[in-house]
Structure formats: structure tokens, C-alpha cells
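Both of the next two complexes hold chain A, though its partner changes from chain B to chain C.
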Partner chain A sequence: MVGRRLGRAADAVALGAVLLVLVVPVAWVVLSAFKTRTEVAALPPRLFFTPTLENFVELFGRSDFLDYSWNSFVVAGGSTVLGLLLGVPAAFAMAWHRMTWPATATLFARMAPGTLFLLPWLVMFTAVGLTGTRTVLVLTHAVITLPVAIWVLLPYLEAVPRELVESAQIDGARAHQVLLRVVLPVIVPGVVVAAILAFVFSWNYFLFALVLSGVESKTAIVASFNFVGEGVTNWGALMAAAVVIAAPPLILTLLIQRRLVGGLAAGAVKG
Partner chain B sequence: MVAPALLFAGVMIVFPFGYAVWLSLCDVALGQPPRLNGGANYARLAGDADFWNGLRLTLWLYAISLVAQLVIGTWLGLLLARTRRARGIVRTILVSPFMLPPVVIGMMAIVILDPSFGIANWLLAQMGLPPRLWLSDPDTVILTVAAIDTWQWTPFVALIVMGGYLSLPGEVFEAAEVDGARGWQRFRRLTLPLLGPTLVTAAVLRSVDLLRFFDVIYITTQGGPGTASTTLNILAYRRGFEFFDIGYASAIMVTLSALVFGSVLVFARLRRAVTW
Partner chain C sequence: MKRRELIGGALSLAAAPAFAQSGGFDWRRQDGQTITLMFNNHPWSQAMREMATEFTARTGIRARIEIFNEEQFRARLTTFMQGRSAELDVFMTLASREGPVFRKAGWYADLAPLLADPSLTAPDYDAADFAASIQGANVFERQVVAVPINQEGPLFYWRRDVFERLGIPEPRTLEDIPAAAAVIKAREPGMIPWAARGLRTAIPYAFVGFVNNLGGSVATPDGKPGMSQPGSVKAIEMYASLLKEYGPPGALNHTFTQVIELLGAGRVAMVHESSNEFANIMRFPNRANDLGVKILPPGKESGISKPAAIGWGIAISAHSRKQAAAWTFLQWATSKETQAKLVSAGVAPPRASVFKGPAFDAWTAELPIRRAWAEALVQLGREGSGVFQPPTDRIPEAREKIGDAVQQVVLGRATPAEAARMADEELAKIQ
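Entry: the complex of A and B
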């Protein structure tokens, strides 16, 4: 059994090496965010230093980063709510009638390159005078959140016993009452997973806001990209921005880690 | 109950898609209504060196990233299944890279890979190796981008593989043990075929993202140096939103969409072939 023990030791070393490769770059960003201007570019790198908040003070003090973060929050929150408002009833009807084509159709939106929609959207939103508003970003990000909501919720809805719905119908409940009073309470865990994934996808999304946001509606993601483009030489402030925009998705996904991969892969298994 | 979602999809997805296809068939000049030009934009694609360069880069980036992520991901997924370690802090570490915003990945790459002040070249120097121009060497920039994406998404593939492996019936492997199948033979003849559908699922998900890869490239290089990382999606974006060559940019985007849908159809067939 020496061979087996050796094998286990080798596995542990390999796993440790992989984890190190994954952690070090992220840790580097976080450490840099708390270093002073001179320490941040120092080579050999300083691993021990007195952490400072000056980068965060500069980030929020000298730019409108707080406003941009608020925009991100409104857009991600709004598009999540819109995606769920549209997606929950749609997924319920699809599961109940065993329809698959609308779900397949939403996959189309998930596969198409985002650039494809941008020019038509630009024309459409200019025509109705909405360009540069957060409304535009909520609407376009809902194109991302809607398929997520539908595909994450379908398995939860298919698992709801049909008798539960049928008995409510016999008692005279209308479709929306069945959904709100009977079905929704049962699928709360699914709605939580869908909401968190939708929020994270929308929060992280770069391309639509890059083109469609205005000075007022710019998201924190686009603002951070602009810092890079302006050749900001203060890496500390840059890394502070990275930490601020990375925190919400990382914290939120901690809550649903076990269901995360299933949620991300939803749609690919059947589609 | 499907109606509101369908209405939304019609206005926000189906109509814009049709409109983009129509634009791709038109001459579009600012201040004038678009005029159909009989497929001239597509004819222009065939003679455009930037398009062929973009196509070559897109497929090259796609192929190396997909192979690297599937191979390393399978190895790592089986390692995780064996050690039963994908819990708690280990799972958090595995999940973090692909939950980070692409902008953060890009900023991280810029700072770590900076030729003079980045830690990557400092580490190379400690090992006695020459420094590299990670993001500004036209010959290797695509490899750098592929490495960044592989860093970010291999854990995702690994977690899918782990899930697939752990859901396989254990008796099969016990029977193989009795028959004396070990190591490589067991992997090649048993594990790999049984994982077929799982791997196809992972491949579809990565294909869609890799073929239309945009964010990290645009953030780190904007398609440069020169056109060394101008993949089709970057090319379409630049032609559309920097040069306002709208009809032609739409033709590139429609072609890229066809490439993505085509790859998904191929994998859908493949899945039927490998399903046991």
C-alpha cells in the first residue's frame, strides 16, 4: 500500500500547486490595493507592509466612483428584477405545458455575440430618446438575465408535483394565483439561485454599458476600464477599483457555491 | 404567461437580430436611409486581409484555449473527485476566477504582466529567464490571452467534470478493478468514454464564449499590438463603433454568429454520438 500512499501525497501536492496558481494573482491584486504608491511597484515585491486605505480614499474622493458603483447596483438590481418578473411566469408556463421551444429560443440570446445587438439597439434607443440612461442598461442587461432566470428555474418548476397545481385549479384559483400562492413558495431556493446568478452576470457585464452608457449612467465596470485606458499610473488606485467591483460577485456567489456550476451550465445539457 | 417574456424577446432580441442581418446587406451612410447593396459587404469580407486575420486568430485562440481547458480541466476534475476536496475554501478558490468581472481579470493581467514593473517578469528573472513582452509581442499575444482565459475557466471545466464523474455508477469501476484495468487503460477505455457527454457539455459552454471572446482582449490590448489580437469580435466592434462602417461591421457580426451557432450544432450532433 506504499504505492497508494505515495499516490495520495502526489495528489495533495498537485492540488496544492493548482490552488496556489489560482490564488496568487487574486491575492496580488488585493495586497496591491492596500499598498502605498511607492510600495505597489516595488520589486522585489513587498509581502509585509503596513496596509493603507489611501487608494480607496483616492478612488472615492477624486473620482465619481461612488456614483458609478451606484449605477452598477441599480442596473444589476433592475435587470435582475425585470428578468425574474418576465422569466418566472414564462418558465412556469413552459414547465407546465412542457414547451421547450421558448427556452431554446432564449439560448439564442445567450449564444449570439453581444456586438450583434449593439448597433440595432443604438438606433432603437436613439429613436425613443433613451440613450445614455440607466433604463437602457436595465433593458439590455435583462437580455442576459432573462435566459439565466428561465434556465435556472425550469428544473425547479418541473419538480413541482402536478397534483399541487391541479388541486389549486380545482379550488378555482386562476393561473397567476396558482403561481403566486402555490408554486412560488415551493421554488424559493431556485429563485434565490436565479436572482444571484442574474445579478452577478449583469454586474460583471462589460460590452453593453461600454457602448450604451452615458456620462451619467456609466457603470463601475466601464469606469474601471476607463482608468486603464487613461493610463492611470497609480496602480494602487487601479487595484482598489478592482477590489471594489470584484467584491459583490465574490460575496454573492459564496452563498450559492454548491449550485453555482449547475446554474451556469443550465441550458447546455438539454439545448 | 409566456407572453410578456416573448414580447420582450421580440423587441430586444429577435427584431435587433433581424435588423442587424438587414444592415449587413445594406450600404449605411450617416444621415441617409440604409440601401440594400446586394451582398456587397459579404463580398468585401472575402477580399479583406483583416477579416481573414481575424478569423485565423479567432480559430487559433479557440482551439488552443479549448484543448488546454478540456485537458487540464479533466485532469483537475478527476483529481478533485479522487481527493474529495472541492468543499469549503477549496471550492471558493476554484469558483472565484470565473465569477470575477472580466474587467478585473484584465486589470490583473495588465499589472502582473507589465514588462518592467510586473511581478511575472520579476519571477522569470529570479529563475534566470529573459523577460517577456506578454501583451505587446505580436507573435505571442494570442497565447497570453489564451493562458489568461485558461486560468480563469479551467476550474469551471474541472467542477463540471468532477460532477459528471461523481454521478457515474460506482459498480462499473469496481467491475473494472476486478478485471484488472488500471491507470491509463482504465482512464482511456472506461472513464473517458463515460465522461463523453459531460465533456461535450463543457466544450459547448466554452466554445460559445471563446468564439465571441471580447472583454479581456479589449481591456488588455484593444486588439493590438497592430492587429495581432484583433479577433473577429474585436474587428467587428472596431469597424462598427470606431470607424462607423456599419453595414460591413454587421456583416462580420452575422458571420461570427453563424460560426458560433454552427459550432453548437456540431457539438449537439457529437453529444448524440457519445451518449451511452
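Entry: the complex of A and C
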């Protein structure tokens, strides 16, 4: 009995410690976004204060952050669609033919440091006049979204009964018809998970947009650094930007939380 | 002939034909062009963004201005330059830091021929009006790599109200600073006595004044690393001790952003931080009334004050295909007229005529602290030094070695003499 109570107390302490590490920084950021410039820097930090929206007014009223957020949305959305358009058939082919090396190759591309691509890309895209456009970001972010799509979808596709595909083939369906009409409806949950993960990773990616974007195509995450300057850092606006940037991935993750866990665990156990 | 005179001469010669021509300069010669400019996030850049429409109205040239935080600015700039991209026409540069490397890489267009071309340079541009000490950092073997946009250096800011309340006299010598910090620490527990840059790469900017004022030097007279000289060792000891004994928690991760936040929020009594931050500090409540500002006090024995003095400049990319339009922007942005307007944004003008002009005078007359800041800048321009490290092309690395010596002492891993010896050994390797 005593042992059980001690165990529960230990669990509570462990949970508290984890929450402290995870929740406090986020709470700090959110609270700071609603504080005045002086209150943000106050030490010890004030838990009770009169909230202000001045940082959000600064963000959306006095800077072009809304445009930059829209750029992020277009780039993350576009690269997610591109990643899925290429990734779904690719993953289907890999799963069907039981080839793993192409998937591994895409993983290497994803794991390679982004700086490796930057210079050649800059030269290439400048030559074709794409540097500084949102198109270039959509294309380059496919390096992030394509491996995500393939790796998330592989276990779903491997779980599709081969008989199902073979029946469709016997009925005369061609490869693209098999994929679109037979396989895709079965793996919709996986596609949703892949889409959301790809969107989140692209949304948060910084480096390619830093170098390849232009004045008008800057993404929100790159623009947020403009609040750090020689002069002084506008912590309030920076925190407000952090809240705005974190919101879409957070909302999407909450929406698909259960599917996400299921999707990531799919294929973990064969049977 | 001294280097400074040589530089002044080179600039005057380059600009002479421009002065010879009278009137009639066509500002709209590049009408219809669009140029791309990349700036570090700086009060000057922010002001430029606001004024870009004036430039377009006058010249017909459209300016696409990109502003990034310094770290990101350098990452983007160097990638563009390495890629020999013609997408970028104008960029901000700190030639005292990156000048030798950028020049060796062939990234700067030479401005000397542009300055000398009367069809491209307005007759009233007056290049000789720039302070020689500032423009000197932009000239390498007669190649003019940039034109100055501001002048800056670290200044000593202190809370006059705290000093008055505690009966501490205003520091007159460098040695008075630790003494004052000790009193503040003992009697005003809520107040951090001292703050300065503690981040390794950022330290030398604020630290070199301590070295010079205490009779040391970052280089020996024959150009070898000079950190082991007695005055330099004393400087390491004092700078490290101020951070360790009287500095804020986490001081070794601090650069100007943290120092200025602390000063602005009223949590620190003394700092040694950039003159360039003045306008931002003044935006915090009460600081215009309770702060004092002046050049770092001289060493008791040396009697000299020689802090860092630098200036950002704007350069034209060697890969730009619109150099004439880019030069039109450089001229406009560094003209007497534009620089006079920038004064109200707190940008210290590098032009002597603007510094002594009515606009600057009227602005400084509005507040006593502005006057004190302007006087400190005059002294900084006269006495300051752009040299933070022994002679080398690998300037950022050299500064890191010097910053590391200070950090080692703060962390208690080495005595000042040991840290100085190690720094000298490391610095010698990159000379």
C-alpha cells in the first residue's frame, strides 16, 4: 500500500518536472506576447499584469507580418502538395516492389545539412530567374516534405493487402488507376498524417527561406528575426511573432493527435 | 606620410574632378532601374527603409531593401557573394571587421573610379568631408570599398540618480569603475552594478578600450600579439572581474542586446556599450533623465582614453550589373542632405559638416544627454581606434581568441597572465 502511494507520488513528481520543462517556456512566451516592453524585461517576471495587444498591433499594423505569414502558408502548403504528389506514387512503388534504397536515399537528402544545397541552388535558381520568389521556396522545401511523405506512407502502403491490388490489376486497372481508386482511399489517414507533418516541418524551416526568399516572399519565421536588431530587441513583438508562428502547427497537431500517434506507430509491429 | 593623410589624399584626388564640375548633375540618369539592397538591422537601415520613397522620387530608381538581423544578414550576404549573384547590388559592410577578407575574395566594387567620374558623382558630394579616421577603414591600397554611413563605438553609460543617491562620485578614471561597482553591490542589492559584452566574439569591441586605457595594446610595436603586455593583462583582469563580481547572471552569453535591455529597463547602474544604441536607450521610460554618458574614463596611470571606434559603410557588389544605379543610391544615402535628416533617427553622422551643422546642433540642444552623447562621439572620433586585434586578415577569428581569454578568466579556468599567454599563442598562429 505504502509502496503504491510512493509510486504515485513519484509519478506525480516526474509529471510535474516534465510539465515544468515543457510548459513553462511556452507559457513564458505566450505571457510575454501580452506584456508591455518594460514588463517583458522585468525580473522577477510578473505573473499578474494588465495584458496589452500592443505587440500584436506592432506585428500586424506596423510591419508586414501578415504578408509574411501568408507567404509561409503558401510555401508550406505548396511544398506539402508537391511532396505528396511525388511522395505518394513513389512510396507506393517502393512498397509494392519492396525497394527500400530509394527511401533511404531521400532520408539522406533530408539529413544532409541545408547549407550543402544552398550555394548550388542559389546559382541554379538565379540563372532561371526564380530566386526571391515563393516558387523557389515551394520547390526547395520539397526536400523536406518528400521524405516525410514517403516515410510516413510506407508502413500504410505495406499494410495494404497485395490481393487488393492484384484484383484491380486482373480487372484491367492501370498503375495510376490502382493507386488513385484502390490504394489511396485505403491510406487516407496516412496521407492526412503525412500532409500535416510535412506542412509543420516546412512551416518551421528557416534556412532555405533565409537565403532564397526575396523582399516580398520572406516567410514569417525569417521575418520574425527582424525584431532582433542592432539597437534593441523588441522582445514583445518577437514573442507575439512566436505565438503566431507556433499557432498553426499546434492547432494542426491537436486536430490529428490520435491519428498522428497511430500513423507514426503504423507498421511498427508486423502481424 | 601618415596612413590617415594618405587616405584623405586618395579620396580627395578621386573626388577632385567631381568638385571641378559645377552644378547640373543629373540625378535621374538611371531612371527606371531597380536595385536590391541588403542591410543589417540597424537604426540607419530602418531610417533608410522609411526614406526609400524620397530616393525613388529624386532618382527614378526603385530600391528593394532587405533587412536582416546581423547573423542572418551575414549568412545571406556571404551565400549571395559566393554564388557570384548579380541579384544583389548594395550591401552594408563593417570593413574594419570583414574588409580584408571580402576584398581578397573580390566582393567589393572599387568606388574610387566612380568617385572620380564627374558624370556619375554630384559636384557637391564632397567625399573629403567624411572623418578621415572612419573613411580610412574603407580604403585598402587606394581601393575604396565602401562609403561611411555612421560612426560608433562603445561609450560609458551610468545611472546618475543611483550614483547621487549613494553619494558615489562620477567615475573619472577607469579604476573608479570597480570601486563604484563595489559600493553599488553592497548598498543597492536590487541593482546590477555593471554590464558589458561577455559573449566571446562580442567582447573585443567593448574590451579594447580597457586595454588601451590601462597602458596595454592588442599588438606590440612590431605587430606581434600583445595580450601578455602588463597593461593588457591588467585589462583582462579588470574586464573579467567586473563581469564576474558585478555583472548580471549569464553575463558570458550577453552581447549588446542583453546589455541594452538591462540598461533600458533600469536594472543596471553602469555599462560600456555602443554609442549606436543611444536612440534605443532613450525610448525606455526615464532613461533620458537619469543616465549620464561619456567616453570610457581614462586609465589612472596612462591618462588616455582610446576605445574602439568604427563605422558601418555601404558597398557595391562586384557582381552587380547595375553599379551606376547602385552608386547613385550610395551618393544619395551618404549625402550631406540625407545624413542631416538621419540625425533625428539617432544616427551619428560621419560627415564633419553634418556633425557641426545646424540640424545636429538643434537636435542635441533639445536634451542635455543628447549633448553629452554628441560630445562623447566627437571625442571618440578623435581618440578612438579601429584596431581590436593584432594585424591579421582573419579578424573575426582573432577577436574570438581575445574574447576567449577574457572568458577563461571569468570562468576561473586561467589567471589573467595565463589567459593572455594562451591568447598570444593562438593569435600568432593566425597572423
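Basically, the second predicted complex is superposed on the first by the 249 of 271 C-alpha atoms of A that agree within 3 Å, B and C clash if a C-alpha of one lies under 4 Å from a C-alpha of the other, contacts with A are read in each partner's own complex, and residues count from 1 in each chain.
Note that contacts are C-beta pairs under 8 Å (C-beta built on N, C-alpha and C of every residue); 3 or more make two chains touch, one makes a residue touch a chain.
Quick caveat, the model's predicted, so the values are computed rather than measured.
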Requested in this report: Could you tell me whether chain B and chain C fit or clash when both sit on chain A in the superposition?
Outcome: clash
Report task. Quick one: classify A:Arg110 as touching chain B (first), chain C (second), both or neither. Result -> first
Query raised in the report: Is it chain B or chain C that touches the larger share of residues in chain A?
Result: B
**Report entry** First, second, both or neither for A:Asn226, with chain B first and chain C second
**Finding:** second
Query raised in the report: Of the two partner chains, chain B (first) and chain C (second), which one does A:Thr126 touch, if any: first, second, both, or neither?
Result: second
Requested in this report: Mind working out whether A:Leu118 is in touch with chain B, chain C, both or neither, as first, second, both or neither?
Outcome: both
Query raised in the report: After superposition on the shared chain, which partner residues are touched by A:Leu157: those of chain B (first), chain C (second), both, or neither?
Result: neither
Query raised in the report: What is the contact status of A:Trp235 with respect to chain B (first) and chain C (second): first, second, both, or neither?
Result: both
Requested in this report: Quick one: classify A:Thr38 as touching chain B (first), chain C (second), both or neither.
Outcome: second
Requested in this report: Once the structures are superposed on A, label A:Ala209 by its partner contacts, choosing first (chain B), second (chain C), both or neither.
Outcome: neither
Query raised in the report: Which chain A residues contact chain B in one complex and chain C in the other?
Result: 41, 43, 118-119, 123, 211, 225, 228, 235
Report summary line: Per the touch rule above, chain B residues touching chain A in the complex are 1-2, 4-6, 8-9, 12-13, 15-17, 19-20, 23, 76, 79-80, 82-83, 85, 90-104, 106-108, 110-112, 117, 119, 122, 151, 155-156, 159-160, 163, 201-202, 204-205, 208, 211-212, 214-215, 218-219, 233, 236-237, 240-241, 246, 249-250, 253-254, 256-257, 260-261, 264, 268
**Report entry** Contact footprint of chain A on chain C as seen in their complex
**Finding:** 36, 40-43, 46, 64-70, 72, 75-76, 79-80, 82-87, 256-257, 260-262, 264-265, 267, 274, 276-277, 279-281, 283-285
Query raised in the report: Can you list the residues on chain A that touch chain C in the complex?
Result: 37-38, 41-43, 118-119, 122-123, 126, 131-132, 210-211, 214-215, 222, 225-226, 228-233, 235
Query raised in the report: Taking the complex as given, what residues does chain A use to touch chain B?
Result: 8, 11-12, 14-15, 18-19, 21-23, 25-26, 28-29, 32, 41, 43-45, 85-87, 89-90, 92-94, 99, 102, 105-106, 108-121, 123-124, 139-140, 142-143, 146, 150, 175-176, 179, 200, 203-204, 206-207, 211, 221, 224-225, 228, 235, 238-239, 241-242, 245-246, 249-250, 253-254, 257-258, 260-262, 264-265, 268-269, 271
